[in-house]
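Have a look at the structure below, then the notes.
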Amino acid sequence: MDSRPTILVLNGPNLNMLGVRQPEIYGRETLGDIEAMARERGADIGLTVDFRQTNDEGELIEWIHEARGTAEGIVINAGALTHTSVAVLDALLLCELPVIEVHLSNIYARESFRHHSYISPAARGVICGFGGRGYLYALDAMTRLIAGSED
Amino acid sequence: MDSRPTILVLNGPNLNMLGVRQPEIYGRETLGDIEAMARERGADIGLTVDFRQTNDEGELIEWIHEARGTAEGIVINAGALTHTSVAVLDALLLCELPVIEVHLSNIYARESFRHHSYISPAARGVICGFGGRGYLYALDAMTRLIAGSED
Amino acid sequence: MDSRPTILVLNGPNLNMLGVRQPEIYGRETLGDIEAMARERGADIGLTVDFRQTNDEGELIEWIHEARGTAEGIVINAGALTHTSVAVLDALLLCELPVIEVHLSNIYARESFRHHSYISPAARGVICGFGGRGYLYALDAMTRLIAGSED
Amino acid sequence: MDSRPTILVLNGPNLNMLGVRQPEIYGRETLGDIEAMARERGADIGLTVDFRQTNDEGELIEWIHEARGTAEGIVINAGALTHTSVAVLDALLLCELPVIEVHLSNIYARESFRHHSYISPAARGVICGFGGRGYLYALDAMTRLIAGSED
Amino acid sequence: MDSRPTILVLNGPNLNMLGVRQPEIYGRETLGDIEAMARERGADIGLTVDFRQTNDEGELIEWIHEARGTAEGIVINAGALTHTSVAVLDALLLCELPVIEVHLSNIYARESFRHHSYISPAARGVICGFGGRGYLYALDAMTRLIAGSED
Amino acid sequence: MDSRPTILVLNGPNLNMLGVRQPEIYGRETLGDIEAMARERGADIGLTVDFRQTNDEGELIEWIHEARGTAEGIVINAGALTHTSVAVLDALLLCELPVIEVHLSNIYARESFRHHSYISPAARGVICGFGGRGYLYALDAMTRLIAGSED
Amino acid sequence: MDSRPTILVLNGPNLNMLGVRQPEIYGRETLGDIEAMARERGADIGLTVDFRQTNDEGELIEWIHEARGTAEGIVINAGALTHTSVAVLDALLLCELPVIEVHLSNIYARESFRHHSYISPAARGVICGFGGRGYLYALDAMTRLIAGSED
Amino acid sequence: MDSRPTILVLNGPNLNMLGVRQPEIYGRETLGDIEAMARERGADIGLTVDFRQTNDEGELIEWIHEARGTAEGIVINAGALTHTSVAVLDALLLCELPVIEVHLSNIYARESFRHHSYISPAARGVICGFGGRGYLYALDAMTRLIAGSED
Amino acid sequence: MDSRPTILVLNGPNLNMLGVRQPEIYGRETLGDIEAMARERGADIGLTVDFRQTNDEGELIEWIHEARGTAEGIVINAGALTHTSVAVLDALLLCELPVIEVHLSNIYARESFRHHSYISPAARGVICGFGGRGYLYALDAMTRLIAGSED
Amino acid sequence: MDSRPTILVLNGPNLNMLGVRQPEIYGRETLGDIEAMARERGADIGLTVDFRQTNDEGELIEWIHEARGTAEGIVINAGALTHTSVAVLDALLLCELPVIEVHLSNIYARESFRHHSYISPAARGVICGFGGRGYLYALDAMTRLIAGSED
Amino acid sequence: MDSRPTILVLNGPNLNMLGVRQPEIYGRETLGDIEAMARERGADIGLTVDFRQTNDEGELIEWIHEARGTAEGIVINAGALTHTSVAVLDALLLCELPVIEVHLSNIYARESFRHHSYISPAARGVICGFGGRGYLYALDAMTRLIAGSED
Amino acid sequence: MDSRPTILVLNGPNLNMLGVRQPEIYGRETLGDIEAMARERGADIGLTVDFRQTNDEGELIEWIHEARGTAEGIVINAGALTHTSVAVLDALLLCELPVIEVHLSNIYARESFRHHSYISPAARGVICGFGGRGYLYALDAMTRLIAGSED
């Protein structure tokens, strides 16, 4: 029986296309590669990683709802919904779990409409600019949040 | 045969979680409780109440479309979509039915990004801050709008 | 001896002209009609309704001051002072009574300078767009606030 | 019996101090001087001029209310209320009389917070920068508005 | 020999079309009618009225330059250049003559981009909303400015 | 075998209601009519037109993803998502196909919140205000973009 | 005798330099080439095309004035005046003809000060980003506007 | 005979409620206590303190008018009118007396709409955050302003 | 042995030049004069006054750090750093001592960029416009804050 | 035969009035004086100076167009068009010559609407505040730009 | 001889106080603790960690200058200078090294003036909200940037 | 004995790195080269050039203070402090010497946060975009300011 805590790793719109498009710019890393890395890291540090992607805001919200009672924390890269969705913010606020926000690129060095995140006020921390590796840092930090060593 | 007018009562993202989360803050009233109250009140004042919730903007829009020809009015608590969705506004504008906007809490006393509603210009009236009871006031007001006594 | 709780129903500038001007637009309901409805509803639900109107900000503030110790709640339609008076906000904040804000029309569907209310942060709830009937909903909600059933 | 139309000439806060303060800047013309000029001009062109001043927004609003049925037009120099009072705007809108806005100085060449007038949308025309003489132009223009020659 | 002071009355873009377009909205008064009225009034009060119109910003600026030494004052309706031309402002500032700004309609009750006038800071006074009659008030006021009775 | 290039013509929320609502305002043209016209024009100029509508942002994004490898260009009328969806913008940016933005009405002459399009930076061109005919111009322009004659 | 309707095609500042400058960026198409295409298309669809260019705002305004009574519609690429000229807007508003706005490039994907068009509120439609071909779409749309088939 | 200079100490809306409301927050000091302290301090430093409170903007303005000729300086805590009244600013500007602005709490550490004071440009100095004691500092500073030792 | 509480009186950039420059404007009072006054007042009311000035933000921050454990309160005139330094705000927030903000002139009556103080949220009170005397009021108020009589 | 490079020195609206108006403020230097200085300096450093002034935006644009092929660089003082003309910016961008922007006064120390220059993005450098001498610095810098020693 | 790459870890104003102040809020971790952790992690992953703190913007800039030629990367927590210093941004831009920005708390969930970082455009990535552990993630990410595996 | 006037040439943060970084972009000119040029030019035109650079705002301010009595003018390139330091502005205002602002690049053609200079209001003139040569123009202009020929 698996008694390891489950971490929901959620990915928003367009992230399924990662690595497919413009590899000379975004690198060749696909979301599948990131999922594999995240699962492996999870296994190493005693976490069950439940990794998902959706292009649908409604589905993303419902996954966050489900997290209550089934997961111990949420790592989220909401993609472009980061900048426009109050509904995702509200879902994160009500799930009452520790949340860590991840972005592949440094959104604060891009177009000005990408500098604002509706989601950040619901997050314990934000990591951006490190590609798929950012998810690993988030998982590491999540273990500590769950363990209560940093709160 | 039921000849009573049907009122569509629509609820947007995250409202399904009502009463589950932080009852010390939001109270213990669930959306099911509100639905029951609304149906009962509808029965009392001669309305059929069709009460629904979705976390999906697309589904919400389609329910509004369906209202044309099947319902006589719409009571809507669009949740966080209130503040971000021009598409819901457009759906309400084109359905050509009386619309009443409801919010459980007083959105005008919360964060500034919750003060603006895209939906209000399509509504006859707005009720906020009275929890589930606000839906009852909305149903009452709707009877009068339908009866044409206040227009 | 009257032991029923007193609710102060306050009306701000220009509301005395209601029903007199442009009845084809605003309807024929006068402030006197609304007062009569409100008193009757108060009688029905066990409230003494003290209904007043003034065009003077100073008088409005003093009525709010008097409410401390003499009334159990305030229903207020501050008219245009809604949008400009920090002094009325401060009076409402210091009276330490439940406050409900009412507007006859849907101010959020009118000129943009009418979308902001200084008063809303002091109110438990806001009702707008239902003409005189909004006062009745406010009285109903007030009974519950006083009874402590929704706080 | 006087069958000449009555024009209400209303003056807002601080205008009673005209000519008393800083005559080297504002000139030696007092509000009494302007009233005399206005009455004389009224007599010449067949108008009864009812000239008033108040420092109280509430009183100003009530004078505008009274104008319905007793006056044919309003000339108003609302002083600083021009820039802050939505309530005076509302009173002017509901009185359903022709309104002309006057200012002694050119408000558009002063501090930026004096460039905006809440009242202008209710006025047929605006005259500013000509001291007391502006009132005479307003009376002249009012005769024509009443006569319907320019509407 | 004509020793009467000359007043330059300048009209900017599109004013030549006055009375031609939409007479049901703007009235049937043409710029020629206004010119005739202005000349007649000028004759009555001892002014030579030099009345001109141009659709060209450059020409308008040069007419203002010429005014130095040949005219005693400028009455200007700069049309849409009012809202966009710093160059006309600069020309008015350097001509060192009294300037009065006129508009046919009440620009402060129209679209918000028409509320700002670059020219007003160079003007002694502003008259708007009285059609062609505004020019007559401006000429009257100009006589007094020239006579130094109001400065 | 069909070797003609496929153009995806995508329609966002509420466009399925076209022609149904307020025909006196929007005309009687339905989305079906536009689809027929577009298919016919496509046939004439050698394009396969794949015409779709959805009220769901997630579905719209997935259709854009699918376009990679199956279509040669995208004509998009994103409806109200035009003004709110960064996710649709990102989908268009990553599909690396020529994109043309179409609107039935002239959005730049409507409410100010409709003047901004998140999508335009991803488009080669924008056509608005010509009803269904705008789609035909877009198809014509698309042929040329594909042929590389204008790039 | 030519009974075909005349369409005035107006081009604003700097468009005479088209094709001369930076052909690697803007293409080699000159304004003369566009004029030839437009005339030919006009001949095909039964329009007389009167094609003009000026660098002078005043001249542009006067051409619009002349259109009243001599032309049936205006296609306008006002160049940079699009973003700065209220006077051109006013001229278009008063000419009471159908107007279509054209831009060679997609102005909504350029510097932010090019996103706003003063002219759009006077236009039935806007076409941008298709180079000279945009003029042809505009002529086609104009025929329909004149025929009254789309209004 | 009293030849000591008179200082008008003016208090605006809601300050009469001081000490009554929420003593755990605002302290138990009443306006009466402050008045007593101020009179005593006045006596010590040779000033007659004329201490007043009103909830009425009109009355406040008239008290400022009266100050001309009867008082040597004004200490003012305009309460919420600080943030909204241009009319009080104008009254202070025209009274031509030294003015000191006082606030009980540090308004610059409260809600952002309390950071702006219309009155400050008319004041020699501002003191806030020291409760009733701030009035004593103001009186002390006023003696020096009157004595001309700091101007 | 000195057991009197120490108050750190800190002065930011350019204040060392006080009295040297433009004495006709700023008066002849030097920072040395203010220091002498402050020390004398401190002696009178039982405070040790540690009075310093620096033009260096880093040094100012370190002095604030040192205050922890060595001083009982901070009176600060941060000069122009008031308007630009979040680092000084942070230092004041972390020192956990009562802070009073002083300015020689009334900054709220100067250029608009001087109206905002980053430091005010960390201060109990603000005194401005009274020259060196403001420091004395601040010391007096500080004694009371330390004594706990006003907290 | 003159083989020296030609520099176009262009002056915009109102600069022809230089030295005529308010010599006590702007100095007695006329545009003719500046032209003479510029020509002389040009002769010294091997440049042909073609010095022009116009009050007409259209003429200014055409002079810039002509510069292609006839001049090696442009020195421009666009006067008030600096702040309002996108058309002049576009003309400068397309002429593909080195451009230096000159202003007689320090525009960054004047009214805020003079702080923004549409033209600066097209310029290699900006010189302001040195009167006619600024033109000489511009000519000197231009020689170096042409020689390619600083690019 | 040490051939391991050196990473400069820079800390800005107030960070020296970490752990000293309000341990119940910020935790008991001191900057010394973080330095020790960072050195240890550096040793593990083959980096020499040069860890520094300063309260002085000038010193911070000079340390960044020195990094050229002596370090392979910079990890920077600029403290409050993050929000105010363009000079630190410029230093980072010119040092031409990979930069990672770290913050102890989630600045995007704090006061709005802490949401903007001048430094982010110079950084490859940003990590905030994880206390001292964020530095370790930054060092790990830096190894990869140096190794060129993620660029 | 040297009786030539001394001009302080001050350089702010990061300018010491000039020529070191990215020579392909900024050129190979170092600050030492500019100093040499400036000294040589100074010698030619009879000025003693005191040329300094600092990365420290506090030191820059103190150098400006020292200038009083020891220098006749200040040429300043404040680097990034231009955009953020009110303290440097204040120092320049109080030194009561002629000031000329220099920038190596055209700051008005760079990022928008570099368009605003706090320092410009204290400067007689601004020169930007000409690299080190701009300092020479500034020295030349300074001679004239000192000689009083242009003031």
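Letters A, B, C, D, E, F, G, H, I, J, K and L mark the chains as written, and numbering starts fresh at 1 in each.
In this text, contacts are C-beta pairs under 8 Å (C-beta built on N, C-alpha and C of every residue); 3 or more make two chains touch, one makes a residue touch a chain.
What you are looking at is a predicted structure, and each value in this text was computed from that prediction instead of being measured.
Asker: If you walk from chain to touching chain, how few steps can bring you from chain G to chain H?
Answerer: The fewest touching-chain steps linking chain G to chain H number 3.
Asker: How many angstrom lie between the centres of chain D and chain H, each centre taken as the mean Cα position?
Answerer: 32
Asker: Could you please state the distance in Å, as a whole number, between where the Cα atoms of chain D are centred and where those of chain G are centred?
Answerer: 47
Asker: Using mean C-alpha positions as chain centres, tell me how far chain A is from chain J in Å, no decimals.
Answerer: About 55 Å, centre to centre.
Asker: Return the residues of chain I touching two or more other chains; collapse runs of consecutive numbers into ranges.
Answerer: Expected reply: 56-59, 84.
Asker: Which two-chain combinations qualify as touching?
Answerer: A-B, A-F, A-K, B-C, B-F, C-D, C-H, D-E, D-H, E-G, E-J, F-G, G-J, H-I, I-K, I-L, J-L, K-L
Asker: Hey, which residues of chain K end up touching chain A in the complex?
Answerer: The touching residues are 27, 100, 106, 108-109, 115-117, 120-131, 133-134, 137, 140-141, 144, 150.
Asker: Provide the residue numbers of chain H that touch chain C in the complex, in ascending order.
Answerer: 12-14, 16-17, 20-22, 54-59, 79-81, 83-84, 113-114
Asker: Looking at the complex, which residues from chain L come into contact with chain I?
Answerer: Per the stated touch rule, the residues are 56-59, 61-62, 65, 68, 84-87, 89-91, 94-96, 118.
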